[in-house]
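Below: one structure in structure tokens.
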Amino acid sequence: MAAGCIPAVNLINQAGGVLGHKLECVVADTRGDPADAVPAASQLLATQSNLVGILGPSSDEADATAPIFNDSKMTMMGDTGAASFDQNAYPYFWRLTPADDVKGTAMAIWGRQKGFSHAAAVFGNDIGSQTDVPTLVKAFTKLGGTIVSNESLALDQGDYRTEVARMLATNPDVLFIEADAQTEATFLANLKDLHGLIPVIGTSLDQAMYQAVGGAIGAQNMHDFYTTIRPLIGSLGTSTKTYDQALLASGSQVPKPDQWISDPFCPAHYDEVNLLALSMIAANSTTPSTYNSYIPQVANPGSGKTLVYSFDEGQKALAAGKQIQYVGASGFIDFNKFNNSTTGFEAFQFQLDGSTVSLGTIPIDEITQANS
Amino acid sequence: MSIAWQFYISSILVYLGVDVMACWGLNLQFGVTGIMNFAYIVFQAAGAYTAAILTLGPSSRSLFQHYIGGANLPFPIPIIAAGAVGALLSLVVGTFTLRRLRVDYQAMVMLIVSLIAINVATNQVDLVNGSAGLSLVPKPLSQVLNLDLVNYQWFYVALTAVVCVIVFLFVHQVTRSPLGRTLRAIRDNEHSAAALGKNVTRFRLLAFVLGGAIAGVSGAILVEFIGTWAPGSWTYAETFVLFTAIIVGGTGNNLGVAVGALLVPVVFLEATRFLPPIGYPGLIDALQWVAVGLLALLFLWRWPRGVIPERRRRFRKPAPG
Amino acid sequence: MSVLVASIGFGLISTSILAIAAVGFTLQFGVTNVFNLAYGSVMTGAAYAAYVANQFGVDIWVSMVLGGLFGAALSLLINRGLYTPFARHGLGLAGIIQVTLALGLILENGLQAIFGPSYHSYQMSQGPSFHFGSMVFTAVQVGIMGIALASMIGVHALLAHTKLGKAMRATAADAPLARSCGIRTEFVTDIAWLLSGLLCGIAGVILVMDLQSFTSTTGSNFLVPVLAAAVLGGIGQPYGAMLGALIIGMVSEVAAAVTLPQYKEVIAFVILLVVLLFRPRGILAEVASLKEVVA
Amino acid sequence: MPTSSDKDGHRPAPQLLLRELTAGYGGTPIIRDVSIAVGLGEVVAIVGPNGAGKSTLLKAITGQIRSLRGSVRLAEADVTNMRGDLLARHGVGYVPQVRDVFDTLTVAENLEMGAYLLAKSELPERIHEVLAIFPALQKMRHRRAGTLSGGEHKMLAIGRVLMLRPTTLILDEPTSNLSVSLSKTVLNDYVRRTADAGTAILLVEQKAVAALEISDWAYLMMGGAIRLDGPAGELLDRPDFRQIFLGHVAKHIPSETAGTG
């Protein structure tokens, strides 16, 4: 998260800050479960008197902390795909992270587009993974494919050989998979040893996942067999370049910044900071209760809007009295009435050095259609 | 005091109340009776899920979470029911595990029970919404009272305090009574207690069930406050924090245990929130567990009877004949 | 049907790893009565030790031996430096269990603090695959099964046919009596911890060789099946631990083949609970029960 | 060198010698100033009622608890507070009252453990010798000790301790849990014969009459101290002994009641 926040803050401060104020990133450790996140959130609110916005927290912590921030009228950029926010009712809660159930549909569409017809769906029984399954199954079937095997995995077992054998017995031509890093790595390693890999469509995104899965099956196999589906990144890429440069320049604050270059979450955090900052300028206020409603104004598409690719561009356009649309390093942003922004997905292939190359996109219209 | 600080402090006070209650319940089982219940957090979770489900409306109305039941019951029924479910589950587990098993076997069986419980809660998604857990649990009486946020927080602190007092009066009564003396006798020497004609298993089970009921209530108080509960928050490490609190405070002593609950889960763990972040995310968390482990070792070595030791009562043998 | 047959083959691999770990656990338990909940973290520690060696270019099988030696040294240190002093200090059985749990948390999180939360893998090849009917094994897995078999035969030979092994069994049965026979029970205890730690370390490394990716919690995630295998057979009974490993390993895999895979471990544990209901000391433990009754 | 005390009270030079031994738990003495001598070839009995401190005395001698004062000597060596395994190296054999064999080991393995300190080459000869004393053990060599009956159990326990060919043998109530006839066999056939072969035997017994019959010398212990001692054969007839000890146990003597108590 620091790898997204710090580059953004550096650029903003270099450009003069927000309405004369310098920004700073402060980390609050939520310790990974809802019960711990509650005091962490309220402590953050209490001890940071100049708090202007929140990035995160993720997964199940969001359910516990969103009401706290919302009731305190503090804008938060959620980092959760949980379906409980699909029809989010908290005005101060926003998310760029795509909903998990939408991701399932995107995986199904990509699988069918590549001509796979007999799919195995193997998902961990963890929080993020299971929400993908119903939409994946529904969409894949609707698009004419067959789910031949649908297994859920107990996490972190010593091996998954029998599960692999069960799956192989159904002769799938593609494997949809999502689980925690250890589980996915072990499952795929077992598959590799028992039979050899088959095409895999997964969501392995972050560094930990890549280390675990890539370490288990090898970089070459990752390249040959593994397609990862992740939120759409704008094809223009101007914002991404700006972000990458800022990230690499922040080496004194972010340890080993280059490891985050291909991480999909960091650009989103970078965008979130820029969105907050630009909406503050648009609202001419750093008070969340004032600027909060300006967020869609600086992000969503609209006729006559000027496209901006960085904070500095946006600030200047706003000063010139223009309406702006911020195009993020993580892609186009378009918030719906539930403050969710889902702009489609993109498929990526891993290169031998761990970086990714885009294979194509799955537009949001197609996803909505397949999901209906 | 600023509103944000009031918010933080009131949250911490609620957590303190929950931890104190949980520690009293565990103390009844472990401190007073000597049962190594490494699955304690499961009973807290059972209470939390019960309270959450009974407070939430029927499952069919929400698209994103699935659970059995959903009853829209008013306060305080969900909390009382949580205690009942904690007790009932303890009765079932205790009946199977407390008979004839040595303390180390019991410890292992409890670890297994907690693994099975987490597995079932995670895999039976229809039961309590699997690993995503339950969320958006309505806060009790919030509609009726119509308080603003901070005042509601203080109301909840008061509510927690009242429940704490009730639980305290209960555990105090139990530990002081002849029943409490019998439980201690069982802990100190099972065989001689048995020789005095006590049905050791039955008394153990009783302590286990009472402790389980308190665990359930503590879970209910917590879930009604934070509004969400997921399997990620009840691993055996969480139970270890409560064990450490009891050891630090004073095993077997209700007052000591309350002090332990203040010192370990609240002061010791909260204090680290104020540290500046170092290293990668999660490093402080890891070091914190190292510190809790060292704290437990330190007390077991240096002050095994805790900050406020249990008063050793002389145990008079019944007069012969 | 072929999945079922295959699952029996997979069960052999699971059993191999479990058996090494469970026999190691039970050896030291028999001699010192410490229910060592830090065992899983010591496995992880050994896995990291082998990882470090492997990173320096040491062959994985040599690294495994180094991991085993690390486990042996760490276990001896733990017993000499922590458990024995605590026991001498007058801490009871329940207190010692908490000491072991505390140590487990310290080790696990200490390893995380050192190596970070990310995943690591060994530099190794799984080698060619061998087919035996519906069963498939990689060369590494065959190696793992070979090591397990060799360990079990080694442990058996030691306990049944050597003076030291018999002295270990004698110490486990009755330490004061063993002492009165002239057996240096402290030395025997050290050997038991070394041996237990060696098996623990080897189990930790081969677990990771089989998983192919690991982190600081990998060993402790594996702890409960190990305890289950040890207890199922009758704790302190090496042959019981082997039997327990066979049952737990086979039941998990076969259960995954014929029922719901996500419950495979649960099914094995339920079997354990049922066994304990009828035989509270495990399958093979009927003789050792005098031990605690007579103080 | 006389190997046994004669009837006149001349006793051989002490092999095991306790001087003013004081010991107890947690700093509180249970036994006080106990002085006892056992010579080679002698059976020396310590008799006394329950709670007299006999078990504590044996624990102090065998290093299971620390003594607070006094000394234990073996021939010329000071073995006060010596660990059990080192005592065995000094030739002390000890048979506890209960848990006197390794239940999980076979009979043969039990005997082997008895000879733990001997070279492997001596083993066959020692086993042969012990089997000559207890031929019944031959048939049960491969049975687990835990499955033996009470008499077989004690036989094995004594057999095990004899494996080392101890110079000093300490027996803690070897006849408890045994029938009257079996007790006699154990005492007469095993204990007495072992002493006659030159071993110093310290025998702690509650069955005073039976014990005194085969002993050379006896000490009466009560309340943690030695109250009187003398040649075993005379002790039973001494009025002070009858008054102090047997008066406690039973009103009528010397019937076998005291012996089977």
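As written, the chain order gives the labels A, B, C and D, with residue 1 at the start of each chain.
By definition in this document, contacts are C-beta pairs under 8 Å (C-beta built on N, C-alpha and C of every residue); 3 or more make two chains touch, one makes a residue touch a chain.
Quantities reported herein were computed from a predicted structural model and do not represent experimental measurements.
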Core chain by centroid distance, with centroids computed from Cα atoms only
C
Greatest separation from chain B - chain, by CA centre
D
In terms of C-beta pairs in contact, which of C-D and A-B ranks higher?
A-B
Rounded to the nearest whole Å, what is the centre-to-centre distance of chain C and chain D, using the mean of the C-alpha atoms as each centre?
42
In whole angstrom, the CA-centroid distance of chain A from chain B equals 36
CA centre of chain B versus CA centre of chain C: separation in Å?
31
Measuring centre to centre with CA averages, how many angstrom lie between chain B and chain D?
55
Where chain C touches two or more other chains, by residue
117, 262-263, 265-266
Taking each residue of chain A in turn, which ones touch at least two of the other chains?
125, 152, 154
List, in ascending order, every residue of chain B touching at least 2 other chains.
119, 123, 280-282, 285
How would one label the connectivity among the chains shown: line, ring, star, complete, or other?
other
If we use the touch criterion from the header, which chain pairs count as touching?
A-B, A-C, B-C, C-D
Residues on chain D engaged by chain C in the complex (per definition of touch)
62, 64, 83-85, 87-89, 92-94, 96, 98-105, 109, 112-114, 116-117, 120, 144, 146-147, 160, 164
As the complex stands, chain B meets chain A at residues 2-5, 7-9, 11-12, 15, 63-65, 119, 122-123, 125, 130-133, 135-136, 149, 222, 225-230, 232-233, 270, 273-274, 277, 280-282, 284-285
Interface with chain C, chain A side, in the complex: residues 125, 151-154, 156-163, 165-166, 169, 181-182, 185-186, 189, 192-195, 207-208, 211-213, 215-217
Okay, in this complex, where on chain C does chain B touch?
35, 37, 82, 86, 89, 91, 93-95, 97-99, 101-106, 108-110, 112-113, 116-117, 216, 224, 227-228, 231, 235, 260, 262-263, 265-266, 269-270, 272-273, 276-277, 280-281, 292-293
Flag every residue of chain C that touches chain D in the complex, lowest number first.
163, 166-167, 169-170, 172-174, 176-185, 287-288, 290, 294
